[in-house]
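Before we start, here is the structure in question, set down as structure tokens.
Order as written gives the chain letters A, B, C, D and E; numbering starts at 1 within each chain.
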Amino acid sequence: MSELFDLVLLALLITIALLVVRARDLLVAAIIFSGYGLGLCLLWLHRGAPDVAMAEAAVGAGVTTVLFLVAIGVTGRKEK
Amino acid sequence: MEIVDPRPLLALGISLACALLVFATGRHYGRRVLWSMGAALLKFGVVISLLPGAMAGEVYLFRLVEFPPGVGIGFRVDLMGLFFALVSSTLWIFTTIYAIGYMRGEADRAQVRFFGFFALCVAATVGIAFAENLLTLFIFYELLTVCTYPLVIHKETPAALKAGRKYLIYTLGGGGLVLLGLVLVQHAAGTLSFGQTGLLAAGAHDGPLGGGPLGGGQLGLIFAVLVLGFGVKAAVMPLHGWLPSAMVAPTPVSALLHAVAVVKAGAFGILRVIYDIFGLELLAQLNFTQALAWLAVVSIIGGSLLAWRQVNLKRRLAYSTVSQVSYILLAASLLNPTATVVAIMHLANQGFAKITMFFVAGAIEQGSGRTEINQLDGIGRQMPWSLAAFTVAALSFIGVPLLAGFLTKWLVILGALEGEAWWFAAVMVISGLLNAVYWLPVVYRAYFRPVTGVVADPGWLLRGPIIACAAFVVLLGTTAHFHLLPFSVASEAARVIWAEVAN
Amino acid sequence: MKKPLVIALLILLALALLAAMAELPAVGQADAPVHTHVSARYIEQGEAETGAHNLVTAVLLNYRGMDTFGEVLVLFTALCAGFAVLLAAARNGNKHYRQPPAPQESGAVPVIAVSPVVSFVVRLLAPFIALFAAYVILKGHLSPGGGFQGGMILGALFIALTLVLGKQYSARLLPVAWRPWLYALAPAAFLVVGMIGLQLTGYFLGYPQEPAWHGVREAMMVTLEIAIGVGGAVLVASLFLALESD
Amino acid sequence: MLPEMLLELRPNLDYAAVVVLFCIGLYAVIVKNNLIKKLLGLNIMETAVFAFIVTSGMVEGGAPPVLGPGVMPPLASPLPHALILTGIVVALATTALALALIIRIYLQHGTIEADQLRELD
Amino acid sequence: MAAALTVSWSALAAWPHWLIVLILLPLGGAVLTPALYALQRRLVPWWALLVAGLTALTVLPLLWRLAHEGPFSYLPGGWARPYGVELRFDEFAALLAAAVALLAPPVLLFSRRYAARAVPAGRLPFYYTLLLLNLGGLLGLAITADLFNLFVFLEVVSLSAYALVAVGGRPVAELAAFKYLLMGAISSLLILLAVGILFALTGSLNMADVAQRLPALATPAALTLAAAALLVGFMLKAALFPLHNWLPEAHASAPGAVSAVLSGLVVKAGIIGLVRTYQLFAGVELLDTANLGAILVWLGAASVVMGSFFAVFQHDLKLMLAYSTITNIGYIVMGWALASPQAMLGASLHLFNHALIKTTLFLAAGALIYRTGLRTLEELRGIGRTMPLNCAALALGALAIVGVPPTAGFVGKWFIALGALQAGRPFFALVVVFGALLAAVYYVRIINAFYFREPEQKAVVTAREVPWSMLAPVLLLALLCLGIGLLARLPVEFLEPAVARLLDGRS
């Protein structure tokens, strides 16, 4: 069960990462990236690292994403 | 007997101080002249004060700093170095006087630069002459390169800048070779100090610090690298290209290049390589000097042939230098006592004769703007003093007895025959003939063609040095056996070098 | 034409990485060096030596306090770097400054539009989140969490509040005059606590171990946690403000 | 050869995922033209390295390294967790500075596409 | 009197905490700088200078102790190795620390007037903060004996360096800074990856402990990967050919004082990293360190040649200097990788000397730009007449970078060339000489333009010497370029045992 959860989670992370890279719209990419952070957060929890999970939730899913959004707000959302 | 004595440093310091003073206060004509003349005379005094002791067998040493352990800047006065220093500091006096007259019309800024860098060049020359080790020699050798450059491009015309670039490319390339040789010698011998009858000789027998005994290949590489490196400045034939180009510079600079410092420095470097780095014994086993001798022969003949083809007086003089300096190399590579005397002696013979001719060429150009040989018709009657001096120098090069050049040729021939290398003797004769072929027509034109235009002898500031130098040419040729005069110094130097071998 | 080449190279790189990683001790093995060497000591004696139940905190604040000092410095550096890059190039007659181009029609995002619902939720939750953050900070040496995590949560909260309520509010929450001092809070706390440790134990960042001093030890830890928490929050929040100001 | 390798890797499948993530990130950094996209790729690379380090500190069936009543060994190694906490902050710092630079670049040049910026030079 | 002095020195040096003070001073000073700015903004430059000066003084007792006792450690928190973070002061750390100590005060003194013009006013406090952080980070990186701690300090150094490139606000600089950041971040990641692998293999992060445990391992691929990741990572930081692309623009477009720090000191962080890598893997027999060395030797030689070659064709003075940095990094790496005692000695010496020389050059170039706003040799023609002292300093520095004896630049190259012969690889001695020749060419170009051309630009004709607070550091450093060359005996004798120890450790 745990094994399976792990595998699904990893597969999910890879998929999200690919989506981030593929997304044409930067805003979408950034928001997907925040989902990526949440996925990582789950992974850390599963790996027995609640401390890291907490930091990742705040930083990876939260602060980093907001900073990206701010930058995209200035530069425009479309990738050429 | 080695004595610690600061005079070598003093001699160097005088020139350096002169350069600094000129740069600092030289905008004023009087000061500029005062510093330059004062320093030239003072330095000559210091250098000559070393002579009696040195002739009595003393060697003056002064170590300045040692930056990596075992490698440093130091000075050591032996007779060979002293001879070179004497020649250059004597010529400095004459060149300074001449330059004061010659440069008078130039802007102050240009003059400051000229006299300043000229003093630096002379300082570098003394440094080369008195270098205690190869590194010191190299430092001053490069200093000479760098300080000559502003002089070569003095006129700042495109042609001058181009010549300057060419000069730098050649000499820096040569410097690089010397540097490489430096590293190789340090690695092979573990030291760079002169004065031990062949630095590398010890290494060749006992093995260098780092590995096994030196192979002939390694030694050959070192020899080739060093000789070619110094050969660039000595204008050995395939490497002579910079010398004629540098003729764009003003006449005193040409004097510096051809007689006082630059070319001589190269030749002197090769003498050091032969006598101090390799040593006579080691070279006698190795046969490298044969190659050097042939290189010299090519330059002697080739230089003469090229000089013949020139129609511009200064260019002819330049190619003639290519030929003349190689006498030194040929003599040195013969490896016998007689030839050694002349290898050293010719530093003076060539210097005084060549500087006379340059001074005259400069005086002619200054007075009438004439630079081509076919413009010199009848000039001998208008400029009797100058052309008389010129003729003396030309005859000396041809090898007329009682003049300096005769001694050179005679002794090289004797040396060659001593070593049973008769073809080198033949080369000397041919070279004498070639000299006649390209100098006599000039003299002929000057005296026996009808006069054109109006010219006169220059003022005494120019005329004085010309006559003095020509007088020296005669003196060198006639007073060979007086104590403390150049010839005896040179023969004593050679005796010392060979005495060490005998031991 | 560039892409296939890159992909091919990346596949090669991946294979190399895989080959190397295949040699590492298998994941989760309890006898791997990771577990038997340094970590073993942390797990066995960490609580006794540091007084922290949370061994991660023990490592962060105690065993490897220098790393954590470096970490707050990195954050501080990032903030200064942000300022150094973004601040007021226009004043001071900077000749390089150009008028910013008009935002592109197609892509401009009105910074981050907040719907009333979100705004309400944020405001409602703010006190609770702050309380949670405080708990995470203060209890960091006992339970999962710590100064950092709490600080990051606080920072995120601050950012959310700024987005919802505007900058006037953030200026009230984080007075401009205090800011330079607050930036220095976390690293300076390390200096102070480290020096206290040096007085008490003879080592920079040392903690007294004698039972009588356990209270002091805990106080030192909590001080650091609070400093890291509050300082970290300020740094993160200021980074946001710096970026957002343009 | 490849199947054997995979077979050998089975116990280390987590590492394989890490490698894939790393390469995806690197791909974005190299190939993507938009600077923000590159930065996202960089972040993915960073998380991959973090995942690698945390994974190496995992124990089969281990508990989080927080002692307390009822916590039984084996525990996950606390050291990698501490390292990654630092790592996350470093990543945040790098990202923030990069975004600051991107904003400046956009304001100065009007674009953040790498090829257009190269042309401007 | 002398005896008393000696005793008090050794008493002073015996205080155990100097090593931690060495990094706390600049870092603590940096942390307080923004607050100080809020209080009294005029004081900030003086404050930074004070901090740098005190840091420089701190290095003295450390060097004294190192010279008398050999390398020593400091254990923050008192945790024995390998449980805590160990700080260790060995000869290589001392080299970088001494360079930082020597160069930080002049750079900061220079900055007071320079930055006031080159950096927008609002950014000034952060300029000083970042400089101090950068220097403190460098010191931390030099003295740490812990892999992860090395990474953390490397990040402090890198982040501050990226920002310092862009601090002047020139559009070119901002682009260059981003490029630098991207490369730097990738290299940091590679280093972190390697640290992770080494940790997974050994369970330890202490360098000495890891180095002790590595030889027992039987995992060639993992070891190779770790070594390769560290090498590539640090090579990127050091800008070794072919990973040098980011350097020229970043170093050339940064403000002058920053270029000095970046080129003189920050790239040396990469070199120190390479040294540490070497120390880590020296005992590992599974890896053929000779092969690794062979690659590095060639890369170093390529750096020497390519760097010089590009430098020769630059028109922009600072770009020329930046390319010359690549060359000199090449010398250092080549000397290291030749792994003969003299070559290593030469490389270590050159590490310090190049820092000094390049700082001199960049400060002098910065001063020219400060006065004239011009950057290319063409535009700057004739500047030697209007700013003679500054140009003389630049000329002296350039002479040193060429490696003319007896300047500081000579000694290192001399030993590297001798070391190449000692290692039986004369080709690399040739590379050293060739590099020196190419350097001479661009040196001549500079001198030619400054002294032997008529000025054309109005800014050149009207230029004056920079204020004394900028000129004095430049002149002082230029004189040191000469003086340290003359005193090279001291460092040589100081470093010889360290090199011998390192080579012993390998065999």
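Simple rule for what comes next: a contact is a pair of C-beta atoms (placed from the backbone, for glycine too) under 8 Å apart; a residue touches a chain by one contact, two chains touch by 3 or more.
Here the structure is a predicted model, which means the values were calculated and not measured.
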{"item": "Touch-network distance, chain B to chain C, counted in steps", "value": "2"}
{"item": "From chain B, the most remote chain by mean C-alpha position", "value": "A"}
{"item": "Chain pair with the higher count of C-beta pairs in contact (A-C, A-D)", "value": "A-D"}
{"item": "CA centroid of chain A to CA centroid of chain B, Å", "value": "78"}
{"item": "Chain C and chain E, separation of their C-alpha mean positions in angstrom", "value": "29"}
{"item": "Averaged-CA centre spacing for the pair chain E and chain A, given as whole angstrom", "value": "38"}
{"item": "Multi-partner residues of chain B (each touching 2 or more other chains)", "value": "none"}
{"item": "Residues of chain E touching at least two other chains", "value": "148, 152, 155, 159, 162-163, 166, 171, 174, 177, 199-200, 205"}
{"item": "Residues of chain D touching at least two other chains", "value": "13-14, 20, 22, 26-27, 52, 55-59, 62, 64-66, 75, 79-81, 83, 85-86, 89-90, 92-94, 96-97, 99, 101-104, 106-108"}
{"item": "All chain pairs that touch each other", "value": "A-C, A-D, B-E, C-D, C-E, D-E"}
{"item": "Chain C to chain D touching residues, read off their complex", "value": "2-3, 6-7, 10-11, 13-14, 17-19, 21-22, 24-30, 32, 34-35, 38-39, 42-43, 46-47, 53-56, 58-60, 64, 67-68, 70-71, 74-75, 77-78, 81-82, 85-86, 89, 96, 98, 100-101, 142-144, 146, 148-149, 236, 239, 242-243, 246"}
{"item": "Of chain A, residues touching chain D in the complex", "value": "6-7, 10-11, 13-14, 17-18, 20-21, 26, 29-30, 33, 36, 40, 43-44, 47-52, 55-56, 59-60, 63-64, 67-68, 70-72, 74-75, 79-80"}
{"item": "Interface residues, chain C side, partner chain A - complex", "value": "54, 56-57, 103-104, 106-112, 136, 144-146, 148-149, 152-153, 155-156, 159, 163, 236, 239-240, 243-244, 246"}
{"item": "Residue ranges of chain A in contact with chain C within the complex", "value": "26-27, 49-51, 54-55, 58-59, 62-63, 66-67, 69-78"}
{"item": "In the complex with chain E, residue positions of chain B that touch it", "value": "65-69, 71, 73, 135, 138-139, 142, 149-150, 153, 156, 161, 168, 172-173, 175-176, 179-180, 183-184, 186-187, 210-211"}
